[in-house]
Amino acid sequence: MSEYVLEVQDLKKYFPIKSGLLKRTVGYVRAVDGVSFQVKPGETLGIVGESGCGKSTTGRMIMRLTTPTSGKIILDGKDITHAKGEELRASRRKSQMVFQDPYASLNPRMSVGESIAEPLIVNKVLPKSEAFERAGELLKTVGLRASDINRYPHEFSGGQRQRIGIARALALNPKLIVADEAVSALDVSIQSQILNLLMDLKHQFNLSYLFISHNLAVVRHISDRVGVMYLGHLVEIGPKHSLYQDPLHPYTQALLSAAPEPRRTKRRERIILQGDVPSPANPPSGCPFHTRCPRVMDVCRQTMPKPVQVHPDHWVACHLHG
Amino acid sequence: MAEPLLAIRDLKTYFVSKQATVKAVDGIDIEVDRGQVVCIVGESGCGKSMTSLSIMRLVPRPYGKIVGGQILFDGRDLLQLSEREMADLRGSEIAMIFQEPMTALNPVLSIGTQISEVLVRHRGVPKREALDRAVEMLKFVGVPRAEQIVREYPHQLSGGMRQRVMIAMAMICEPKLLIADEPTTALDVTIQAQVLDLMKKMRRETNTSIILITHDLGVVADMADHVVVMYAGQVVESVDADTLFSEPKHPYTRALMESIPSLDEDKDVLYSIPGTVPSAANFPKGCRFAERCPIAKPSCFEKMPELREVAPGHWVRCDLV
Amino acid sequence: MLSYIVRRILQAIPSLIGISIITFVLLHIVPGNPVRILLGQHYTPQRAAALAQSLGLNKPLYMQYLIWLWNILHGNLGYSYNYTEPVTYLIGHALPNTLSLVLIATIFAQLFAMLIGTVQAYFENSIADHVITVLNYFFYSMPSFWLGILMVMFFSIQLHWFPSGGVVNPQDPNPGFWDWLHHLVLPAATLTLVTLAGYSRYMRSSVRETLLMDYIRTARAKGLRESQVLWRHVLRNSILPQITLFGLSFPALFAGALFIEEIFNYPGMGLLYWNAVGTLDYPVLLGVTMFLGALTIIGNLLADILYSLVDPRISLESMS
Amino acid sequence: MVTETQVANSAGEPRVQATKWRTWKRFWRYPLSSIGVIGMVLLFAFCFVGPMLYHVSPTQGDFTALLQPPSAKHPLGTDDAGHDVLARMMVGGQASLEVGFLSAFVAMAFGTLYGMVSALAGGWVDIILMRIVDILLSIPSIFILLFLNATFKPNVGLMIFVLAATSWLGVSRIVRGEVLKIKNETYVEAALLAGVRTWRLMTKYLVPNFIGTVLVTTTFAVADSILSIAGLSFLGLGLPPPAPNWGADLSAAMNYIFQNAWWLIYPPGILILCSQLFVNFIGDGLRHALETRTD
């Protein structure tokens, strides 16, 4: 038994840009550019960031839906970075994924029972009839009726489909669930239902979550620790209270100040960042945030800051610290 | 008190087909004063977008129909205007921006053409001059390199820039009313902050009234003077923004606020509204929220509550408050 | 732009070689012997051997192909066995006829299709829409050769409006442009009608889709007049798929032209090919197929260039 | 506080029929579908059951009635050799329908396999396989058909093969496109995470989700094949005489066009037209039924 359920070391994903007659590679989109973190058993690590920051690619690499360019992924003590075939299949029994779009994540031609039982059947965990029985139980676990197993996805609402997706992810008793924007497509009232369900299940099955989202409040609510990504880099990571009360990186500060709060009384001073996020195909030199940073210094333009621990377990990669 | 710029009275917009009648908007009343920002908030399917399209009289044909009510704009009932008169108002007196700035711009026309054609159409400005004005407008909404951007096409811009272009297009004729339908939903948080900031600046400098449609109570808190909460095609609460956040009255409004996680407050379990919104093709006869309401009484299932004024300027559709 | 065209033409070379190999192999593996057909009653083994020698047919297949390829690089498509004329000469006479037929038909069909399809989509479910839909089905399902016969029956035999066949009046010692046009009307109209139906079905659905786009709602929210919405915003976007269709429809057009040339005795590529089939006139068969293949490739190239002119999202560079 | 189990009451939702039946219902609700299906059944009955009821030989001439307009004895008249037109029309459609349907299904099977292999293999295999399709598509197929028919002695089996050989191209392209699209769907990724292997992925995830589109394409290929046979026969290259065929009879009728022998010109044309119309109706009905699966 290792200390961490998941350990990610200096993970990178460069997507080649091809061009010309012979499809030569003329450059790379640096979607993820050296990310390291760990997830402990029973812990929820939240990853926040804006679109294109590489948070989803990170999640997909951990699930091996995308092959990393370099770095290491250690799942439950086992290096799965280059796992193939049966080895990869075995690793997938330890980690599962909940997807963003509840409409696209279920095969429209399979009943929900078949979808949930599928991992049990193809991995020969249970014979077919028992797998369906188990699917019924899982439906109950996620708050639907066992009798729903014979119905098809289009008969369910978005929130219900997301429950079905969660039930499928639970089927193999995984240790880790990667949730990629799992509640982003849902209305707030449904969103809170699913968040509560996820937190219930976590205690019930002692799960670890890697919870990827752009919604800062949602991530704070569900996570124990939170990492902030910008342009393929993890710029700050720490326990949620420490990170939300005392954000160290100017980007985290801007992000938190920009998130609208449903409250009229207390208003934070809003930091409005200028311009757009630079293209990951052509990232700036030095610190990736220096083009928009309100507190940019000369050193930021030249050297990439190293992560330093400022508070207990609270790391930041910024020249203002260290 | 002066007469409001826009007064919607008992508006009903239905989708009528052979199979069913979907009551998307079912008798709503909303007033917007000059220079005011009114937010319409609600979850998907509550009828907030159809309300905005009804004001523009752009309800999708052939099924969508405005079946009743009045929309008084600047003293005139928009529902009585001819299609021609209505077209003269659109883009000139009432302008609109949409959620998806990518699909809302025509991919094959240059930014300059798309902005300037509004001026050409409504103000009779010659094309060249209209293009110059478009450049000015783009600068005003904070688009860098405006001289080049007018010659570029939507796909060459980022999401935030596209939404700025939409705003420039909407504001170029200085309309009295701007309807913004989820203008920042498709944008990232930091870009959303930029766009909301721009809308505030617009309002300050032109005194344009804004109807902002959103599902995000955070955006409401940031922008609104007055808030209208919609549920299942009806207005359930209507009050000034400060009161809404300090003393929400309708059980739905309260539930909505309780179900949102916070940025600086720990909540163990979020409140969650049980069940789902009733189908707009088949509303229950009593209160439409009764089924999901934590304080519902048997009478709630029997009789539809009226929207009543429980305190000065505070309207609630619930008999129990 | 120029470099793009050059590159596309370079890319077309493997395709053309592919076409030639396929046709060449196909021609030579099937049973049937052109020498036997050419000699007819005069057939003797000695004569056959001599003829095969002079035609180069006794060499191994790959040699025959390489010789043919070598000649083609020098602009020589070989000599027809039948007519003892250079294939280039025969094609030179047939190609203008086929091209004028096909081009006139495409242009008219496309223009009418745009008009009809737009009207249909814009007034969806109106009586006009339903009537045109029925007519569309009718012409779409109509075999071109039957329509051709009916055209001849009505407009030529009964009404005497147009001649029933040929390119020009053979009695006229120097036929002019009007005579030529007079002969072209019926065949071109037939080809137009059968292609029009397919195009306009396409256009209808394309306009219908465009009308549902968000940017059309934006255009209306700007207060533009319906005519402006239609011309500036709907039409430009709707013709995009139509352009692709134009590129893809060349093979079908040549096939349609084949039947029409046969019915109207119109000496084009189709008729040339058709006559060569009967006598296994290899050089003509190869030449015509190569030419039509090349024209198809050029048609696709034209469509791509046209597309990039209308749609700013597509840059020619990124398309390769 | 509301608990999780209370939350998920899914009561009050209308039951919807399973996917398959909904598609069928949509198909039949589309007015043209039923016209197409009924028409096609009638056409089959005319060609295959008709000759059992109408005992007149299509190939034995009635020398007392040459080139006669319709009469009581010959309801659709006779041709220049005294053949009964009605009998010829009945028998003449048999081969067209057989070859039309069978060749389209052979093309569907092969094209589906080819397209799926191309899409799943990817890389160079995909590039080469698709380049072959591109090249073949740029040769007008009728020219190849003409040539093959001129040199071989055609029979029904050969015709099926030859027509399938030219019409699988379109199917393979469409299948490839569909597979590439479905391959990126989230539910396929979810299947991979569940440990699903290639064969199961193909049969349970890919095929069921694109088979509808293929079916529509195949239906239109049936129409094309029927038209091609008629066209080849019209050019004199179909099934060899004396077996009657619509296209060949139409071609023969052209010789009497100046005599205004309309009874020779209309029947074969109308029959070909009807076969095309009905198949197109069915194809459009299928397309309509499959277009919007979720509403």
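For reference, chains read A, B, C and D in written order, and residue numbers begin at 1 within each chain.
Operating definition for what follows: a contact is a pair of C-beta atoms (placed from the backbone, for glycine too) under 8 Å apart; a residue touches a chain by one contact, two chains touch by 3 or more.
Please read these numbers as outputs of a predicted model, since none were measured by experiment.
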Chain pair with the higher count of C-beta pairs in contact (C-D, B-C): C-D
Innermost chain by mean C-alpha position: D
Gap in Å, rounded to a whole number, between the CA centres of chain C and chain A: 54
Geometric centre distance via CA averages, chain C-chain B, whole Å: 53
Distance between chain centroids, defined by C-alpha means - chain C, chain D (Å): 23
Averaged-CA centre spacing for the pair chain B and chain A, given as whole angstrom: 32
Shared interface positions of chain C, touching two or more other chains: none
Where chain A touches two or more other chains, by residue: 157, 193, 196
Junction residues of chain D, two or more chains touched: 7, 13
List of chain C residues in touch with chain B within their complex: 124-125, 213-215, 217-226, 228, 232-233, 236-237, 240, 310-313
Chain C partner contacts - residues on chain D that touch it in the complex: 131-132, 134-144, 146-148, 150-152, 223, 227, 230-231, 234-235, 247, 250-251, 253-254, 257-258, 260, 262, 265, 268-269, 272-273, 276-277, 280-281
Sites on chain C touched by chain D in the complex: 14-15, 18-19, 22-23, 26-27, 30-32, 137-138, 140-143, 145-146, 149-150, 152-153, 157, 251-252, 254-255, 258-259, 262-263, 273-274, 277-278, 280, 285, 288-289, 292-293, 296-297, 300
Interfacial residue positions of chain A with respect to chain D in the complex: 63, 65, 89, 92-93, 96-97, 99-101, 103-110, 115, 118-119, 122-123, 142-145, 148, 152, 154-157, 160, 163, 165, 168, 171-172, 193, 196-197, 200
Complex contact set, residues of chain A against chain B: 50-51, 157, 159, 187-193, 195-196, 199, 214, 216-218, 220-222, 244-245, 254-265, 270, 272-273, 275-277
